[in-house]
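The structure follows.
Order of writing sets the chain letters: A, B, C, D, E and F. Residues in each chain are counted from 1.
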Amino acid sequence: MPLVVRNTPRTDLAVVDGLAHAGVATVHEAQGRTGLLRCDIRPIFRPARVAGNALTCEVAPGDNWSIHVAVEQAQPGDLLVVTPTSPCDDGYVGDLLAGSLLAHGVRGLVIDAGVRDVATMTEMGFPVWSKTISAKGTVKETPGNVQTPIVCGGGYVRPGDVIVADDDGVVVVRREEAATVLKAAQDREANEASKRTRLNRGELGLDIYKMRERLAERGLKYV
Amino acid sequence: MPLVVRNTPRTDLAVVDGLAHAGVATVHEAQGRTGLLRCDIRPIFRPARVAGNALTCEVAPGDNWSIHVAVEQAQPGDLLVVTPTSPCDDGYVGDLLAGSLLAHGVRGLVIDAGVRDVATMTEMGFPVWSKTISAKGTVKETPGNVQTPIVCGGGYVRPGDVIVADDDGVVVVRREEAATVLKAAQDREANEASKRTRLNRGELGLDIYKMRERLAERGLKYV
Amino acid sequence: MPLVVRNTPRTDLAVVDGLAHAGVATVHEAQGRTGLLRCDIRPIFRPARVAGNALTCEVAPGDNWSIHVAVEQAQPGDLLVVTPTSPCDDGYVGDLLAGSLLAHGVRGLVIDAGVRDVATMTEMGFPVWSKTISAKGTVKETPGNVQTPIVCGGGYVRPGDVIVADDDGVVVVRREEAATVLKAAQDREANEASKRTRLNRGELGLDIYKMRERLAERGLKYV
Amino acid sequence: MPLVVRNTPRTDLAVVDGLAHAGVATVHEAQGRTGLLRCDIRPIFRPARVAGNALTCEVAPGDNWSIHVAVEQAQPGDLLVVTPTSPCDDGYVGDLLAGSLLAHGVRGLVIDAGVRDVATMTEMGFPVWSKTISAKGTVKETPGNVQTPIVCGGGYVRPGDVIVADDDGVVVVRREEAATVLKAAQDREANEASKRTRLNRGELGLDIYKMRERLAERGLKYV
Amino acid sequence: MPLVVRNTPRTDLAVVDGLAHAGVATVHEAQGRTGLLRCDIRPIFRPARVAGNALTCEVAPGDNWSIHVAVEQAQPGDLLVVTPTSPCDDGYVGDLLAGSLLAHGVRGLVIDAGVRDVATMTEMGFPVWSKTISAKGTVKETPGNVQTPIVCGGGYVRPGDVIVADDDGVVVVRREEAATVLKAAQDREANEASKRTRLNRGELGLDIYKMRERLAERGLKYV
Amino acid sequence: MPLVVRNTPRTDLAVVDGLAHAGVATVHEAQGRTGLLRCDIRPIFRPARVAGNALTCEVAPGDNWSIHVAVEQAQPGDLLVVTPTSPCDDGYVGDLLAGSLLAHGVRGLVIDAGVRDVATMTEMGFPVWSKTISAKGTVKETPGNVQTPIVCGGGYVRPGDVIVADDDGVVVVRREEAATVLKAAQDREANEASKRTRLNRGELGLDIYKMRERLAERGLKYV
């Protein structure tokens, strides 16, 4: 039986926005190199960077009915995460649904399937990360779950987990860990800034990271 | 024996241009959700939108000889559709052939294989939808059929069928049905315009499309 | 035992730059249609065109340690070529390493794996050809060979071979043959220029290349 | 509107059986190297070899309703050919449907999607060529066309065309050409038999096919 | 920090064995068409059918260290489920580890990566479902989590969930629902038995499932 | 210009046969985890195990002419290694060529493309490792190089290098290193035998390989 779970918790948007600023690669490192979705989930336009509270939605193959159900559950700051119950390339979301999502404060879409009307969604500035682009629309025969935990792009996503997405891909941050991860990401950024300066002026990573001795231990030989 | 069929019928260019205006997703819906090519046939630059009469061409793997034969059969408003007789990623068409095609009024290219010189073809504004991009050129040893029905990108294409291509992909419209499909596409566009306005101002699809009762029948439960 | 080979020979940069100017498709034809890497090695931004002396580097799956080792071996005009010892999509290079590579005169990167920080590398104008884009960073546990011959993208690459890369893909030119290939590429370009003019004004390839008789011999029939 | 076309023509089963005997590779050559389906359509068990009259069926993604409709149209000697209207890996056919198809004289199944219960269908000896194997069953919400021309596995198939399938793949023979192709295939087999004997005792193809002179013309050099 | 969780709950082996008997396709239907892994996770030999309590294990790319850690946590009736933290094709498990797993009562292996020594594991009758087969062994540098929830093959798996695997693929059953699902699966099998008999003697699904009226409502037309 | 290099060196068949006995996984480890071909090069039947001296052959896409040229260069104990100059799935080798190869002492075939007549080649016991199976035959228009170094399946292969192939895949051993690698492989086998016994009777790898301390250093925690 398809289910809609109402009043699921969200992550504080200040934390969400901080994670967006840090970006996917940094957040991924900061939370112990976990949470990344499959790298074939790609943005339809670049550059793009956004974070939001996961608004989760399961769809039947070739059927986008539950996305309409999901819109009603949206809150400003959400990011829609859609996964089909079996692999499907159809274009589940187009410019009409994108307009509806924007009107409800949804910041973007991550979908392990296809989308269409990408020229219009690009003009609208509605950011989408999808497995493919397909003009194939969908039917409305089989509703699926809304706001239940799902697997999307090989990652486990619960409603209100933070989704961070940019040109490098998409990462999920557990709601309970979001503030801690943000702190770690900010520390990491600060640390990288000084490294960047040194590397850009030609210092070697071998020296900055003191790698030479450990490399010798691993048997690295110069000839 | 390779064959060139001359004087095949075309679709009226006013209809062709109307279908280009409607776009791939709308045309696909308007003709009963049929005729779409595989979604891995992608444009080499975006945005791009074009429609034309299919000028069909079969090629041997790694051999573009019959494309030269096809150019002579071109008429203004045609769109070249090329399929290899077995899967091949080679770059069958580059800037020289693109210039030749443009000189004969050909509006673009759909090919279930690769193309090359994509930087130059982008500058020329010659729109191409291909399976891949490859610098690998081709030989001229084995001619294939020109202007016979072919399967390209999983779609059946006859000479003079209408090919509509944009950022969402490529769709084929049967010549005999082109005028009817255009009418249906225009009706659909008009219908969508009012929906778009309502969705953009926050009305729910659930209400606009009166989905609530039918969803309840399908067992959708809110918790 | 991992090895770093020092003082490998390079190709004269005048030849390298000439090959960049000719471009991948022309160079590939000019050297007898050989040397092309797999066509799924794609640029992270377009347009891009560069050539350089191959600075080769093997990496373990999910481990970019030897890239740090490679930076020390770099000379101005080099182009880093990285291949994992088994297939891996991780993001081996990001903006920090790109900055370090640029500081050492490295012109770009070809990698049969993933990269990250593509938004920043695009802003920096650091050209990269990669199999994928992934935010997944790498560890530093297992060093690999630097400046030994490798297979990357299905092509055999030795240190100091010339790598030419543009929007069409990547081609390798043997160091010993680079000057000869440059000459052949320039001849080819000159020859193509006149063909281009004739094709652009509507002359048929069938006539320019005198194909009609040979096509008839192959049995081509017009109906 | 979904359509069922009744009383479509079939090919004479004597011809069909002759083509099965010749096998896919020979039939493909005998009809001018055309008609092969994509090579990712593979048998679920080997060895397997069968031919039949195409009983065509279109299905919605994740929906096998029209296969039930197709069974009623079956005649002994048919081979069911199923294609989804957009790519889908679901398991459309299992042992129940296989039993039903066998009861109606259907000789096997070619499907550009998935099947399930492959252990049982293997025991039953019901031959299937499919794109994948998936335990995912299907719904019954959207009927599709039965006995209309379709594209399956990249090949164009009309009801009553002959489908020949074996361990090498699947080939389609036009109904009108089936007798001619059978004759050509039988000639080819006879011709190959003597070649086989000579090759098996060590004669070189270079001599049997008199290739040496033509190879020299193409510039082949021995060093 | 890598973690090993000890003393995780298991599902009663009587239930586990009942689910094995029902098979993947039936179990998948019985639990509402959920829980299936990606269909590219395939058995290394056929026929094979097994069920067990999930013993979960995360591995770094190219590194099987934590599998050795997992063996110590094994209990009779377990089935090892392994997922890499980023996609990897390497052969993580060979005959030595298979022997060790068998010695500890582990019934089989599901892995979203590669395995090796498949000839020997086939002789041993150790059933494996993997994404690929690769002779590439792995290092022991980076341990991962053991007995924590993971995503494997696109499915969410917790320690002690039931894994059912056969020739059709792999399905996960939540520990809490295992007894209920088993009951539903057995009901389904009983129901299918009578259908099978009727279909095998030629009755049509159209009649058994009373589909004709509903098909007419959907507009199905016979011509 | 296509080239045939005659009288290339071979590896002593006693060494070749020893490597076959060790098998691919062991040989790969024994030579420092190098030389493996891509894991999508798979045997057409299992079990299969063979080793031979590489007889190398380049082919144009869809063209097997140079394989006929290669047969003449064969010596007993050779194993034919074929690579297309651009990716191609066609069936380059069938039962006729297999018979010819066998007659000249060739032990098997590794090909980064397709083969056909796999049922017959299975009956003949002619072992083949290929990227795909396809009934699509090839033409004879463009000869390629024979007995020159090639890249096949992502591996660099020179004439007379040893190719070892079994159910796990294919590995290349440099001719100069073959005897050393054989010795290392035999040592490895002896070493593994005692490990196997201990693992099979339930000793833990953690203890046999003394991993506990190093795991603790890496931070592994039990909870």
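Just so we're on the same page, a contact is a pair of C-beta atoms (placed from the backbone, for glycine too) under 8 Å apart; a residue touches a chain by one contact, two chains touch by 3 or more.
Everything numeric in this text was worked out from a predicted model, so none of it was measured.
Asks: What whole-number Å value describes the gap between the mean CA coordinates of subunit D and subunit F?
Replies: 31
Asks: Where the CA atoms of subunit A average out and where those of subunit E average out, how many Å apart are those spots?
Replies: Each chain reduced to its C-alpha mean, subunit A and subunit E end up 28 Å apart.
Asks: What residues in subunit A touch two or more of the other chains?
Replies: Touching at least two other chains: 1, 33, 36, 86-87, 89, 134, 136, 142.
Asks: If you connect every pair of chains that touch, what shape comes out? Choose line, ring, star, complete or other.
Replies: other
Asks: Could you run through all the chain pairs that touch each other?
Replies: By the stated definition, chains touch in these pairs: A-B, A-C, A-D, A-E, B-C, B-D, B-F, C-E, C-F, D-E, D-F, E-F.
Asks: Per the contact definition, I'd like the list of subunit D residues that touch subunit A in the complex.
Replies: 60-63, 86-90, 134, 136, 139, 141-142
Asks: What does subunit F use to touch subunit C in their complex?
Replies: Counting only subunit F, the residues touching subunit C are 1, 32-34, 36, 38, 85-87, 149, 151, 154-156.
Asks: Write out the stretch or stretches of subunit A touching subunit C in their complex.
Replies: 24-25, 28-29, 33, 36, 39-40, 42, 46-47, 49, 166-169, 171, 192, 195-196, 199-202, 204-206, 209, 211, 215, 218-223
Asks: For subunit A, which residues count as touching subunit B in their complex?
Replies: For subunit A paired with subunit B, touching residues are 1-6, 65, 68-69, 71-72, 89, 91, 94-97, 99-100, 102-104, 114, 116-119, 122, 132-137, 140, 142-143.
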